[in-house]
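Residue numbering begins at 1 within each chain, and the chains themselves are lettered A, B and C in the order written.
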Amino acid sequence: MKRGAARLLRRLLFAVLVLAIVLYTVFPFYWAVVSSLKSGAALYTVEFLPASPSLDNYVAVFRGQPFGRNILNSVLVAGSVALVSLALAASAAFALGRVSFRGRATLLVVILGVSMFPQVAVLSGLFELIRALGLYNNLLGLSLSYLIFTLPFTVWVLTTFIRELPIELEEAAVIDGATPWIMLTRIFLPLMGPALATTGLLAFIAAWNEFLFALTFTLTDEMRTVPVAIALITGSSRFELPWGRIMAASIVVTVPLILLVLVFQRRIVSGLTAGAVKG
Amino acid sequence: MSARAGWLFLLPMLSVLTLVAGWPLLRTIWFSLTDARLDTLDAYTLVGLANYRALVADPEWWRAVWNTLRFAAVSVTLEVVLGVIIALTLNARMRGRGVLRAAMLIPWAIPTVVSAQMWGWMLHDQYGVINEGLLRLGLIAEPIAWTAEPSLALWAVVAVDVWKTTPFVALLVLAALQLLPDELYEAAEVDGLGPVGAFFRITLPLIWPALMVAVIFRALDAMRVFDLMYVLTGNSRSAASMSVYARQQLVDFQDVGYGSAAAIFVVLVIALVTALLVTFGRVRLGGDAR
Amino acid sequence: MERGGRSRNGGRAVAMKPKARRWRYAQSLHLGMPSMHKHVAAAFAMFLGLALGPAAAQTRIAIACGSVGVEAQLCREGVAEWARLTGHRADLVSTPIGSSERLALFQQLLAAGSADIDVFQLDIVWPGILSHQLLDLSEWIAPELLERHLPLLLRNNIVAGRLVAMPWFTHAGAMYFRRDLLEKHGRRIPETWEEMAETAQVIMRAERAAGASRMQGYVFQGRAYEGLTVNALEWLAGSGAAGIIAPDGRVAINTPRAAEVLTAASRWVGTITPRGVLNYAEEEARGVFQSGNAVFMRNWPYAWQLVNAPDSPVHGRVGVAPLPLGAAVLGGEQLGVSRHSRHPEVAVSLVMYLTGRAEQRRRAIVGGMIPTIPELYAEPEVLAANPVLAQLRDVMADAALRPSAVTRGRYNQVSAEFWNAVHDVLSGERGAAEALGRLERILLRVGRDGHW
């Protein structure tokens, strides 16, 4: 009986832990949903369920600016950044993780060094560059500039994962006469499913959330991405923070990301069951 | 594979990075050695290290450095601890795991400026929900001004940052955990190790590389922090980070020379801290594949 | 339609020849007498062009104005009307709400020589900062048209002898108070800051004793940002202490009187003002006042409509008055034209239309934007739409200005050092005398001993 009690206790503690985690991560989101359904003076009162919920804020968000277009812009930019980062980083990780050559350590440190640069510092230089390339107020300009912060961590993470793969795979491939390209695309990449999915997702989200570059490198409403669009949501006076509307816009924007994660989860799991890692 | 083939694989990534990072970097270093101002960008003179000397002599700069280091240390530690706990929880097989993972990612998915606004509102002293809750529970007598009080402001920012970026660490650790084969745990049970022992003796050493990557990148991000502090506390000197200081000089005061020097100094500080982390974290940089 | 020939000197009997009058006025504004005739002719041609019909080719320019709800709407309507009259087009570019983000964007664009935006809406302190990049409008606009605006605002917009922006709308801080509470406790509208503090203390104590446990005495903008500079200058303005920088460039802030004023203000925090005020901007203060938890609030006129909205908890119980001792520091917006604009004549014509009497009147009545043409302050419809204006118009003529025209490009730094010094005093981190001494040393270094 003691064994059963101990197990029950463990289960209970576990459930409490899970509940605490869920509450911690979800409560502000819940609060945002509640706020988005309130309007006017009701926002200043603290209540856990809105007294008279309405969808006014959601309607106003789409009416006040081309929000649908902004969402599309964000999807395009973040998606392209994630794909390009993965492609470039996978190729680089192959060299950095599986080939020994002089200067490899230095190179990794230099790539890390790029991450040390605060956004503010590269802002003016990048601005000059974007204008020189004629990419001002253009989604391509944003995609290009985001690579500056997605590439370093993508390269590092993929390098770390690719290093853990067993050497026997490589030897077998060499015996079979595979070229390095085949080795990368047919053998290593499929095994790195979880890592690719994870870093792709993180790169996507980083590009999705980026604010400073998006604010500086775009000018017209149609070219804006979501964080900037949300920051520009206006109330009826210059000082008023249209809180209800900002929350409504945030909900609209967060939901697709959550769906994305749900989709990617299958990928992570299927990568596991493929079983190649276990030899 | 030959070294030359290796460099060929590196080329695409390196050329993009040089273009997008190299040029702006050089430009900033150049400007840091001049007295350029934003409104007269074509007319400036070289002043050598004068900007750096002025920076070293500015007590507000060192205050910003100290704020940033404290913020990064506390923030990253909390994130790693919580992230590992959450990852371990999610790794267990249970019902609704998918939904839980999605829930966990919510803080990360919300744009920083929005979550900063959201928390700023929740932490508001007069009608924020946090104070309301604490008052109702009887834990405090008077509402606390979380983001206004000079002594509390920095920790309010830490709390929001931890909430926001723990998912990043959790996700990386989770991916590493899921690559660990089950046999290891079976062996541990046979050996009589409890869950805690199994964690410290088996799991932790194996996920160490991935964990260190997470720590390093989180530390880098934390030392570069800008959005969060700017939105929650503005340019307030008690919670200003190095980036807030640099931006204020560069953009608000239009002092391109001095601001660029501050930005380069940020890089140096971060480089130093990272070097320490890499050394003590025993991260393999040049090691071969196993 | 505005015609330059007629002048409205409001009863001046002396008949001077037109040219001499222009020269006299130009002198009084310390402007050079430029060869403005050809520009003025071009600008008037734009207006006269409408009489001939929209025969000219349609030019397209861009204006960055009114990023926020009502303002944006008003601007759009004004621009549409101008477009209808002149046959040209102007696109509205939306900009960040945050004032310093907007400035940063403008600075970036102008420094890069971009022609993306032709007409800029400028906060009152920006003409000084951006003066290099803006056209000298005195070469384009006739003095009669300039004359009708508040002289104080024109003075603000003249940097190194060049008029770089036209006044568009203005406002000054006002003291909002709970009329019902003042009546209930038999107090009058305070005329000095000490009286305000005392009244607030008395009422706050009484109300808290009666059960309103959240009642505060006075809320204002105490966050470390530009709003604090304005608030602090308002405390200094009425009490005889000089401003931060004198018109001749001297650092004038470190005086015993100024230290007294700041010390008095620091005593409010923690007694009649919550500690949270150290992070309050306009909206936070309004939130506290509007939910019925403050006796006094300092805020801009925009808050009047919100505080009196039907769903406001303090609806019908609020009054507004000028700040104690008639203190006022002007805020507001101007319109400037970029030096890099490809169509300066069209841009200037848009500016002239928007800052003209008819448009300012419309904006005042429809949107509550206080005009910069003092004539309009006497019009009953304008007053009906802006009750706060009735209170403020007398103090606005003598209002103080922030020293941006003197400090030019370094204004932001001056203001930041000032607001940090004030914030340190309010939060108790430093004593007033120490903070001001330190501030003076910093400003001397920044201003290179008066050579801004």
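As a working rule, contacts are C-beta pairs under 8 Å (C-beta built on N, C-alpha and C of every residue); 3 or more make two chains touch, one makes a residue touch a chain.
Predicted, not measured: the structure shown is a model, and the values here were computed from it.
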item: Pair sharing more residue contacts (C-beta pairs) when A-C is set against A-B; value: A-B
item: Chain of greatest Cα-centre distance to chain A; value: C
item: Separation of mean Cα positions, chain C and chain A [Å, integer]; value: 41
item: Chain A and chain B: spacing of chain centres that average the CA atoms, whole Å; value: 15
item: Touching two or more other chains - residue numbers and ranges from chain C; value: 287, 291
item: Of all residues in chain A, the ones touching two or more other chains; value: 44-45, 124, 128, 231, 241
item: Multi-chain contact residues (two or more partners), chain B; value: 127, 251
item: Chain C to chain A touching residues, read off their complex; value: 67-72, 93-98, 101, 105, 108, 112, 114, 116, 281-283, 286-287, 290-291, 300, 302-303, 306, 309, 311-313
item: Partner chain C, residues of chain B touching it in the complex; value: 37-41, 124-127, 143, 145, 147-150, 153, 233-237, 248, 251-255
item: Complex contacts: residues of chain A adjacent to chain C; value: 40-42, 44-45, 65, 124, 127-128, 131, 136-137, 215-216, 219-221, 231-232, 234-242
item: Contacting residues of chain B [partner chain A, same complex]; value: 1-3, 5-7, 9-10, 12-14, 16-17, 19-21, 23-28, 31, 85-86, 89, 92, 94, 98, 100-115, 117-119, 121-122, 127-129, 132, 163, 167-168, 171-172, 175, 178-179, 181, 209-210, 213, 216-217, 220-221, 223-224, 226-227, 242-243, 246-247, 250-251, 256, 259-260, 263-264, 266-267, 270-271, 274, 284-290
item: Of all residues in chain C, those that touch chain B in their complex; value: 100, 103-104, 107, 110-111, 129-130, 132-133, 214, 222-225, 274-280, 284, 287-288, 291, 293, 409-410, 412-413, 416, 420, 423, 427, 429
